[in-house]
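Next come two complexes, and both contain subunit A; in the first it sits with subunit B, in the second with subunit C.
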Partner chain A sequence: MTVSTLPAYPARSARLKRISAEYPHALGLLLLAPMLSWIAVFFIFPTAWMIWQSFSERGLQPYATILTSAIYLKVLLTTLKICVITTVGCLILGYPVAYVLTTARPSTRAVLLILVVLPYWLDFIVRSYSWMILLGRHGLINQLVTGLGISSTSLPLLYNLFSVSIGMIQILLPLTILTLFSTMVRIDRRLVDAATIHGASPWRAFRTVFLPLSLPGVYAACLLLFVSALGFYVTPALLGGPEQTMISQTIMVIASDLLDWPLASAAGVLLLVVTTSLLVLYSRFFRLDRMLGGMAR
Partner chain B sequence: MSVAALSAADDAARTSDAPRPDAGVEVRLERLSKSFGSVTAVDNVNLTIPAGAFVTLLGPSGSGKTTTLNLIAGFLAPDAGNIAFDGRPVASVPPHRRNIGMVFQSYALFPHMTVFDNVAYPLRMRNRLAREALTIRVGESLELVGLTKLEARYPRQLSGGQQQRVAMARALVSRPRLLLMDEPLGALDKKLRERLQGEIKDIHRRIGSTFVYVTHDQTEALTMSDLVVVMRDSRIVQVGSPRSVYEAPVDAFVADFLGGANLLPGEVMANERDAYAVRIANGRMISVPQTGASHAPGSKVLVFIRPEDVKISHSEEMVGNVVTTAAVVREVLFLGESFKVTAMVGPHPVVLRAPRVQAEGIEIGGHVMLAWPPERSRALAAPTGSVSP
Partner chain C sequence: MADKETQFALETFRQVLAQTRRLDRRGFLRRLGQAAAGSALLSSSFEILAGGAGLAAEKPVTTLGWGGAWQEAMETAFFRPWTQKTGVPVQYIAPYDFNKIRAMDQAKQQQVDVIEAGSIDTPRMIKFGLNAPLDFSVIDKSALSPGQLRYGNAIGAITLSTLMVYNKKKWPGDDHPKSWADFWDVKRFPGPRSLQRRCLTTMEAALMADGVPADPEKMYPLDVDRAFKKLDEIKPHIKTWWSSGTEPQQFMQDEEVDLCMVWNGRASDSINNRHAPYEIVWNQALYNGDIEAWFLLRNCPNPQGGMKLLDFVGRAEPQAAFARALYYGPTNLKAYDYIDEKLAKQLPSYPDNAKVSLLIDYNWWLDHYDELTLKFENWIQS
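Up next, the complex of A and B:
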């Protein structure tokens, strides 16, 4: 691919021509070099160092500790539960919005897209704190509930599974909508017309034609959401109680409070392994390259 | 009824499986209008499509033909006017209850379904059939369009022509009384297009449904239709059998759009019994029959004559009742079966087809005589402003 595109860029000097003939990938590598070195220094090297550290001091012992300890397994389970809730919640809330975006007129679509993306530019922490103001014991919602006499005591809205899920869903919703939208917008609307004219009610046309064609986007969104949710730290820390401790928080505690770096590294490696295997399995089953590469048919 | 429609009915009667008399629906459009913002797409269209007819909406892009089709389908709601099927207004009937089959320009086959499921789709939505009955009906429909053994394939595994056939089979499977086709052959190469034109026409004869066919290709319209509806600028300009719109166009636009047309500017000098005496640019008076719109003496007209009706000769001697005029040859092109000759009558070109025998000795710059039967010509109103024939 790189080789065949090279002649399109006229080589200015004979020397450059000779170099590019001898090393067909030279130009590509040269352009990639800054990014590659950045990734090497700040990602590959630390990751390798983390993996090495998890084994170097006590061998497989840190892994055994995590995999046999009830606490760590519970945290892992909690993490998975929160991720599933977040993913499903995002899809349920995001799918209709993405659908409306595809049907809207271009001018309306632009406005809606800005509204969708706007929260994405706000900081995680700011958004999490704003939920604390809304959901707290003396927060806006509870003041409204007790003030109107709907309930005499304030509702337990904060520091539980509910608040963590709602916070994470809000943060990941723009990602959901954009992922779904990018698939849906490529679906030929004439297909829905074809279904309708051949006897399908609007709902059946949606169910038999639009929905199945939008599934690649749904699968892609599932994966992105789940993997993103796995690594959440700030939101569960601010909005959750001890019961909602997620794996990243645990790693943080092991590393900075217990100062057990091999154990923290092992937990990190396990998270990495889980995430990577999910990606591999997913791309096997759902042809991820097609989903992200723009394939609606 | 038109000659073409009658002969089509004859043919249909001769086939063994003649269609039921009620196989087609009559579609009536009354004062139909539709605008998109400030753009008028369909402007006060009145049209009656006879039951069982093959009707073509013909016009350049932007003439409103596709919008008209989408209004009949119910994808768009008219701003004004009525649509009636067999006399019953359909304004409140949603598209999925109009019992229409449709072939889309891009075919719009469902990419996630096999050929079988695509064709079975209307049956599954409309009729509750047992599995065996469904399989039989899908098989029949695929056989009708000449496509078998591909039921398990997906649309992307088919050629353009095969996809077109699947789209036809899907549109016909539930035996709709109205079939809409939106430039269904536009994406195919010329040879395949010509073959499918014949096949579609044949299917129409066999099932007898009303076919409404949108195209910008005049050959397609002329070969396939019982009735041609010529549209321009959101309006209907002329409705008639293929022969009548080809031979007696109402204006210069229709004349030119339906095929090569010679339009010689002239001035009406006199009204004699059934004919106008028209003086053309080289000063010659020619006779043009009085049909259609009437022209007062002194008015500017365009004398219309089809290239294939013009004969060329070296001598003044022309046999029979013909109109003749002198001309100078400007261009001779060899087309294979004939020559395309352009000759100048005064400053205006006349294009004609000369068979190889007739073209002997015709040279560029040579003086020739042109002749045509007066009944084949028409006097058309000259559009205000300049004309480029």
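Up next, the complex of A and C:
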């Protein structure tokens, strides 16, 4: 699909011209080859091996175990729930920031961008531990709350859905802002001006012109966030309670504590199936190809 | 020749251990590092004088272990002194992952020579037959304690206890929690608590809280239903269930919970070196005994080097140095000759501590661990 949409570059020599006439996709394939081989070796092969591993030893039995035991379905649902919360939270917090970034002067924008990207360079574990310090029983927030007399006992801020969500949102926020920003910065501002000149209030101009034009960025961000959130391990392990167990934690327990690779592989395959089906559905609704193709068309 | 060098390394250790009796952990590690570096300089200059540059080119021995403070202590107590004397480098890979060892063995591509297997991985190692037979013409049995040779083809390593600590600020007097029954008694000792997210140890603690004595004869086979019924009682009062060893340290240092299950070495480290206001309860500690052992892996790349390293790691002096650094007790009882009373009392194998502990029956767990882990995970999430 991507190959056919690549523009045909003018060939320098007659020979190249002939080759490109005979094989119109040759250049595209050549450019894609390094990445395709990378994906084949480090993604397709291990995934195939994982799928094979899930069936080879005990047939369908690992799948039966997973589908019949309540715990895996519960973990899967918890995972999806946390992913949705994280995605929505990131969008609510990230959209205004990305908007401000597009309107800011270049010098201010540079400073803001650095502030956005800076936390992204910090390690996941470090950031998760910092949340423990902030949200703990004697943490900064609780000291403030009890010190100001807002509450006499410390609030339960840690080891629940709240702390997991806040930790994951913070980690994924830079990704959200950058994705949204890259779409918003390409929106022609004169369209918004045209709307206001014709009497639309700033809010109405935003709602009817800017917002719809920024939606492809929102859809792309949703996809990126959701898929990234699915694989989280450290943050829910450190900031969550048992009720916030995510699927990667469960797979980890099965693989490295119980040493049951067929079962772990089956859990991985099921996660892959669920994710892929969700993506297919999502692309049906939101035209995945278009939003990833950007604004060119 | 190797034997002479080992003797020389042990002599250095003895001197350092004697000189540093009163130092804290950091001071001790620093002094040990200096001594090792000094003797390295000495031995390498000897090498140059003798014209023997061949030692540096020796094939390394590869080992796999936990990172962080554990790696630091392993390297200072075992690997660096041994390398400095034998010239054989030790390559340390972290993090510890028993799965990796098994996968490499199955693929007939074992790349690790020596490991110190943690808790249940020792019986698993033997069950899967991943280890190689030991050559006791290289390893000097007379330097070891009988308990270290219980498996035949492994060398006893360290002792660890999973135990309870309480917040001394909250209970400064004599009326403080003293048993798992007290840990379960939320009326008499109110406050947030934390347990390990693992069936092994947590289920034994629950049964002791329910009145089963700290005696393996009476504890095993575990009464699973009774344990889960007792765990139901405490579940609402557990603020968080930890999975990695650094978490309870964080809880102690931030006073996140008032009662916490923790590994003894981590507890001592937080209390002694990081000013956590907690006190250890040795009564009813869950004791690993001499379960943990060093193994040489079958089909490993450097069996000769690994064998020589195994001759070193079980000895009293490096075990004493490791205990000093990380508070995990020696299995070589001669190590207590190099450990002062104050430190000895903080170690799981110290007789007074071992006496009141429950010795975990890993043979029972080997057959039940998988099934109960799933049951426990199911219980904890529902």
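Just so we're on the same page, the second predicted complex is superposed on the first by the 252 of 297 C-alpha atoms of A that agree within 3 Å, B and C clash if a C-alpha of one lies under 4 Å from a C-alpha of the other, contacts with A are read in each partner's own complex, and residues count from 1 in each chain.
As a convention for this text, contacts are C-beta pairs under 8 Å (C-beta built on N, C-alpha and C of every residue); 3 or more make two chains touch, one makes a residue touch a chain.
Predicted model, so just to flag it, every value in this text is computed and none were measured.
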| item | value |
| --- | --- |
| If touched residues of subunit A are counted for subunit B and for subunit C, the larger one | C |
| First (subunit B), second (subunit C), both or neither touched by A:53 | neither |
| First, second, both or neither for A:204, with subunit B first and subunit C second | first |
| First, second, both or neither for A:256, with subunit B first and subunit C second | second |
| First (subunit B), second (subunit C), both or neither touched by A:188 | first |
| Touched partner set for A:237, first subunit B, second subunit C, both or neither | second |
| Set intersection of subunit A contacts, subunit C complex versus subunit B complex | none |
| Touching residues (chain side subunit B, partner subunit A) in the complex | 73-75, 94-96, 98-102, 104, 106, 108-112, 121-122, 125-126, 156, 170-171, 174, 180 |
| Of subunit A, residues touching subunit B in the complex | 188, 190-191, 193-202, 204-205, 208-209, 212-213, 297 |
| Residue numbers on subunit C that touch subunit A, as the complex places them | 97-99, 102, 124, 192, 197, 239-241, 243-244, 247, 250, 254-257, 369-370, 373-374, 377-378, 380-382 |
| Residue ranges of subunit A in contact with subunit C within the complex | 69-71, 74-75, 129, 132-133, 136-139, 158-159, 237-238, 241-243, 245, 250, 253, 255-260 |
